[in-house]
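Have a look at these structures, which come just after this line.
Both complexes shown next keep chain A, but they swap its partner, so chain B is in the first and chain C is in the second.
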Partner chain A sequence: MAVTDSGGRESLRTAPKKPNRLFKNMSAKIASLPMIFTALVVFIGCTVWTIYHSFTKSKLLPAPDKWVGLDQYERLWSTRRWLVSIENLAIYGICSLILSLVIGFTLAALLDRKIRGEGVFRTIFLYPFALSFIVTGLVWQWILNPQFGIQKVVQNWGWESFTFDPLNNADIVIYGILIAGIWQGSGFIMVIMLAGLRGIDEDIWKATRVDGIPTWKTYIVVIIPMMRPVFVTALVLIASGIIKVYDLVVAQTSGGPGIASEVPAKYVIEKMFQSQNLGQGFAASTMMLVSVLVVLIPWAYLEFGGKRRD
Partner chain B sequence: MKFIRNALVGTTALCAATAVSAADLEVTHWWTSGGEAAAVAEFAAALEGNTDHKWVDGAIAGSGGTARPIIISRIIGGDPMHATQLNHGRQAEELIEAGLMLDLSDVAAAEGWADIVNPTSLLDSCTVDGKIFCAPVNIHSWQWIWLSHKAFADAGTDVPSNWDEFVAAAPALEAAGKIPLAMGQQAWQSNGAFGVMAIAIAGLDAWSQVTIEKNAETAAGPEYAKVFEAAANARAFAANSNVQDWNQATNLVITGQAGAQIMGDWAQGEFQVANQVAGEDYTCLPGLGVNEIISTGGDAFYFPKQDDPEIEAAQKELAALLLSPEVQVNFNLKKGSLPVRGDVNLEAANDCMQKGLEILATGAILPDGNQTLSPDTQGQIEDLMVEFWNDPSYSAADAQERYAAIIAEAD
Partner chain C sequence: MTDLSAHSLSGPRGPKPRRRLSPANIMLYSTLFIAAVYYLLPLYVMIVTSLKGMPEIRLGNVFAPPVDITFEPWVKAWSEACTGINCDGLSRGFWNSVQIMVPSVIISIAIASVNGYALANWKFKGSEVFFTILIFGAFIPYQVMIYPIVILLRETGDVIAAATGTNFRLMGSLSGLVIVHSIFGMPILTLLFRNYFTSVPEELFKAARVDGAGFWRIYFQVMLPMSLPIFVVAIILQVTGIWNDFLFGVIYTKPEIYPMTVQLNNIVNSVQGVKEYNVNMAATLLTGLVPLGIYFVSGKLFVRGIAAGAVKG
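Now for the complex of A and B:
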């Protein structure tokens, strides 16, 4: 939404005096009607519908007349499984955000040093992204399985006491999932970063070299600030991946051991269809929406509200 | 989407009209382990052998917990399959009330289901407002413990004949490097094992007060405290069984790596596929050997409503076929479950099934949790149980408190 707003202002600035702006570029506007309609009806309409039904006692089927107020939310926030899910999402989210950006940027920066065989490395790093989360999850489930995965291999090498079984240890299981998530996603972030790095003018590099600034400092002080739009894109992609993490967990642990690796999206789908309690599922998904908005609104305000001043 | 589907259904109907009225029936179920797949193949063979219709297998891997959401969302979402497995009870309650399921009353009347289905509670679970909406196909009971003779021989102890003896033998098993109790980590397995222990340890009265009358005081009382203590013990026995699926856990028992598994009689099919002989290679104890009683949950087929009368006729033919004597015998022998009709001959049944049949004949039967508790309550209990069974720091008293709170709110 915010992006279209700025686009609108752009056209305002270029053609401020044209009388009937509404009918300008008629064909383009007609062409975008289906998308506008989809956005209004599917996204906003369904969101409102969902939020409304989260205040009802809907079971398997929506029951708009069984109003129960905040009951579903009270139950939600007194459910241990939900609290564990939120905690897991926070850990997974923060770690995955930082690690994806750091690893993605580092790999991109290394590839950008005009190394030999760049194409090969790029393919290798990007390849995991071509796999679905289910496949990624299964592969890592095997790799991390203590009976025949990494632990077994290292023990066979002679280090008998070696233990590495994140998926069977409730305290660290979320990091086991994080490993798989990072492995799958960081290659993609790398490609985006690489594209950003390629967009940096060669003259900038020459100028910094003339000034005698060390390479690492050039990256941090000059290049990264210049790549801000690229970072924003990467951030949005990573964040949306974090919120919807579901299939990775299902494939790797199905929420286990116990409820130690549950995530909110899984809670929503299971309450809706397995427990046949739509109201509870909707309440949980509304909370997910709220958590996204809590992050998004201050950011959008800073990002787009700030520009309006100048 | 809907248009395309209608067009497709239309073309099938056209073909059907020109040829003999043959239809492709898509049947969804979650029978994917070795024994289960062999059993469901009997249905497919019966349909294709006796009619012109074609069985399109829609097996969904995972477990009921994975499959049911898919099945239900397809029915609600307007893309219903032609027939589907569900556990009879309250899972389809609202789908029936919303008119999404085909009324099978005429088939039931023609085939005389009211007279042949035993116990009658199975048919009652299919009945809403006097109309019958599902075809029960088997009786499954949870109340079994499966013991590996090899594991106990290796540990140098006798095969236990009840739960207390098993608890006593557990240290010997551990000393011999065996897992005393095999247990998959999925929620429904934790919950099921707890239910079995509740009936055996708290006794029938306490169990029915909690599960049928939803009495939270009993759930918080001393009988259930014993159950939670026993479950905490069992949790320690199962600490090293790092498997997910129930059939992997059963496999630990079959290969003698684990001493026992608390699992429903569908485990029987796995032993059979592995060519194990009841009484020689393994022993089964109903009611943990404490009280011989079985619950009569089970599987039933529901037929989501279709627009096409041809398909509807085919659905009804399939429904009638599922309960026919021959199909019942073939299917249940492979599946290890009990047939829903008392008038079929099960001479070929092995030891464990015979035990089950005898208990069924004496009428020592209970309704299944699926029949008394709503899926929502079941889901909450499952969440609690899976956490309790996997987290050694979760004390029995805390778990009991939470359990009583869920029962107090149960609907």
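Now for the complex of A and C:
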């Protein structure tokens, strides 16, 4: 890399010959055009475009000249469907964050106890991650089917009054989706946690054994604090996945019963492409972006701000 | 950050465990066993349901093993199931998905590998800035960018059509979806290739430079031949990712060219007609077969691919 990294100093020396600088390293610049296009036009350009149009009265078509200020946002936050979506996302988000971390770490810790058949268990825990949310949603829709699924099986065992029908009960439908979401994604968190556990020095274990600290206590007091960066990575990955929840809901419940399992991502798509209310879609998607930034900015600050200080 | 390479997952270290049936061990294995049942249950249910006839399903429950094994639901799901007015089964969606996947995988990996190579070995002013934007862009919800991209595709398609005098279209076509997949695959793939090419010994690159090789020659003759493993990882990542995509497929294509996931959802969640649960599960399993096959065959490389996504930052 020395060849290219000296470019900075070199270009100072050859500063008077300006035209040369643009053409220097030309192939690399041409090769990077798709990346530059994606970064500037798609990621920045399209995001700014959407944010701008969220302040307009766009209906069937974008209307950049009909500026209405915060009207779309006021409407959005007084729409029941959006409020239900946000509530669902909050419940789903908090539960899946906690459950994914707990299940992922527990499974990884169990697999790390030098057990037999580790590879088999790991393969079993991770395979759902290869499947799409559509497949996940449809198969859990079938398992939770009240006529033939879990409810029926338990009733057949003799517990006649047993009811477990989350997909048709507006109060608990989001937990039905949660079961499927955890099934699909927790294996991935387990893999990350397992890699983190394998990165811990064997000597730490020896030292705690010498001190006579019980295994469970070692995990809580020593290992988990040591794995802080792994937990942060897992947290960011889970959080960025939660906001995207869309296909799972579409497949499993289509947002039903009624609007009980709506989520923000689905609200946006439907406003944009079905009810021809672009302005609402733009405002709702901007709110999604804001919620991502709320998670991302503190993380980026800790992660990169911290590195600079070192 | 953490070392998430395949090597670190290669197995437990230390001496072999002593064979002992202590209470702690019984707890450990029974917990793992219960967890394994939870994870395997849906796969089991999919398989047994798809092998039963409808009368048997109506009489029993989802967990009962099939008495009369029949493959008819599979045949029906593949070649007869209806979406709207089309009744040619999931096979149409399968071939659509293949047609979407193959060019998307090739183009996205070609672009990202060259990008990663430029970022690792041919840094130019601003290259790191663009890369940072690219990585942070991966966190922007797709919903924010989806509509402007519709406009971009439509307008670009119109310009190309006018220039060539054809009725070429990007919006609602396979080529449009390929572009979208290439764009949204770029952050993770570029990161993957950049990290890989950065780890290649610098002397190799320098030696090639001294010999007078330029950007493309070093890429094709030095870098490409020695980076086969990372290409395999990228292919696994992209094939499963694109195969499992639903959102882009439903937005940027039209019913005749819907990918398999979209068609599957339309078949199973259609409100018309009697629900044929066995056909539905056969269709679901068929859609999951490609990524499952890749997962079980590739094993550790799959883990390496998804772990690469975890080392962001």
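Note that in this section the second predicted complex is superposed on the first by the 256 of 310 C-alpha atoms of A that agree within 3 Å, B and C clash if a C-alpha of one lies under 4 Å from a C-alpha of the other, contacts with A are read in each partner's own complex, and residues count from 1 in each chain.
Rule of thumb we're sticking to: contacts are C-beta pairs under 8 Å (C-beta built on N, C-alpha and C of every residue); 3 or more make two chains touch, one makes a residue touch a chain.
Predicted model only: the values in this text are computed from it and were never measured.
K.L.:
Overlaying on chain A: chain B and chain C, fit or clash?
P.N.:
When both complexes are placed onto chain A, chain B and chain C end up clashing with one another.
K.L.:
So, does A:P257 touch the first partner chain B, the second partner chain C, both, or neither?
P.N.:
A:P257 contacts chain B only, not chain C.
K.L.:
Tell me the contact category for A:I36 with respect to chain B and chain C: first, second, both or neither.
P.N.:
In the superposition, A:I36 contacts chain C only.
K.L.:
Go through the superposed model and pick first if A:K59 touches only chain B, second if only chain C, both, or neither.
P.N.:
In the superposition, A:K59 touches chain B alone.
K.L.:
Does chain B (first) or chain C (second) touch A:K152, or do both, or does neither?
P.N.:
The answer is second: A:K152 touches chain C but not chain B.
K.L.:
Figure out whether A:I174 sits in contact with chain B (first) or chain C (second), or with both, or with neither.
P.N.:
Once the two structures are laid over each other on A, A:I174 reaches no partner at all.
K.L.:
With both complexes overlaid on chain A, does A:R80 touch chain B (first), chain C (second), both or neither?
P.N.:
Touch partner of A:R80: chain B, not chain C.
K.L.:
Counting residues of chain A in contact, which comes out ahead: chain B or chain C?
P.N.:
Partner with more touched residues of chain A: C.
K.L.:
Looking at A:K114 after the superposition, I want to know if it touches chain B, chain C, both of them or none. Which is it: first, second, both, neither?
P.N.:
A:K114: touches chain C, not chain B.
K.L.:
Touching A:A130 in the superposition: chain B (first), chain C (second), both, neither?
P.N.:
A:A130: touches chain C, not chain B.
K.L.:
Looking at the overlay, what does A:F273 touch: chain B (first), chain C (second), both, or neither?
P.N.:
So A:F273 meets both chain B and chain C here.
K.L.:
Just to be sure I follow: which residues of chain A are touched by chain B in one complex and then by chain C in the other one?
P.N.:
254, 269, 272-273
K.L.:
Which residues, counting only chain C, touch chain A once they are in their complex?
P.N.:
1-4, 8-9, 11-14, 17, 28-29, 31-32, 35-36, 38-43, 45-46, 49, 57-58, 60-63, 111, 114-115, 117-125, 127, 130-131, 133-134, 136-137, 139-149, 151-152, 182-183, 186, 190, 202, 205-206, 209, 214-216, 240, 243-247, 251, 261, 264-265, 268-269, 277, 280-281, 284, 287-288, 291-292, 294-296, 299, 302-303, 306-307, 309-313
K.L.:
Quick one: which bits of chain A touch chain B in the complex? Just the residue numbers, please.
P.N.:
Chain A reaches chain B through residues 59-61, 79-81, 146-147, 168, 170, 254-260, 269-277, 280.
K.L.:
What part of chain A is in contact with chain C in the complex they form?
P.N.:
Residues 1-5, 7, 11, 24-25, 27-29, 31-32, 34-36, 38-47, 49-51, 62, 103, 106-107, 110-116, 118-119, 121-136, 138-143, 145, 148-150, 152-153, 156, 183, 187-188, 191-192, 194-196, 198-199, 202, 229-230, 233-234, 236-237, 240, 243-244, 246-247, 250-251, 254, 264-265, 268-269, 272-273, 278, 281-282, 284-286, 288-289, 292, 296, 300, 303-304.
K.L.:
Show which residues of chain B lie in contact with chain A when the two form their complex.
P.N.:
65, 68-70, 72-73, 76, 91, 93-95, 98, 185-187, 242, 244, 374-376, 378-380, 383, 386-391, 402
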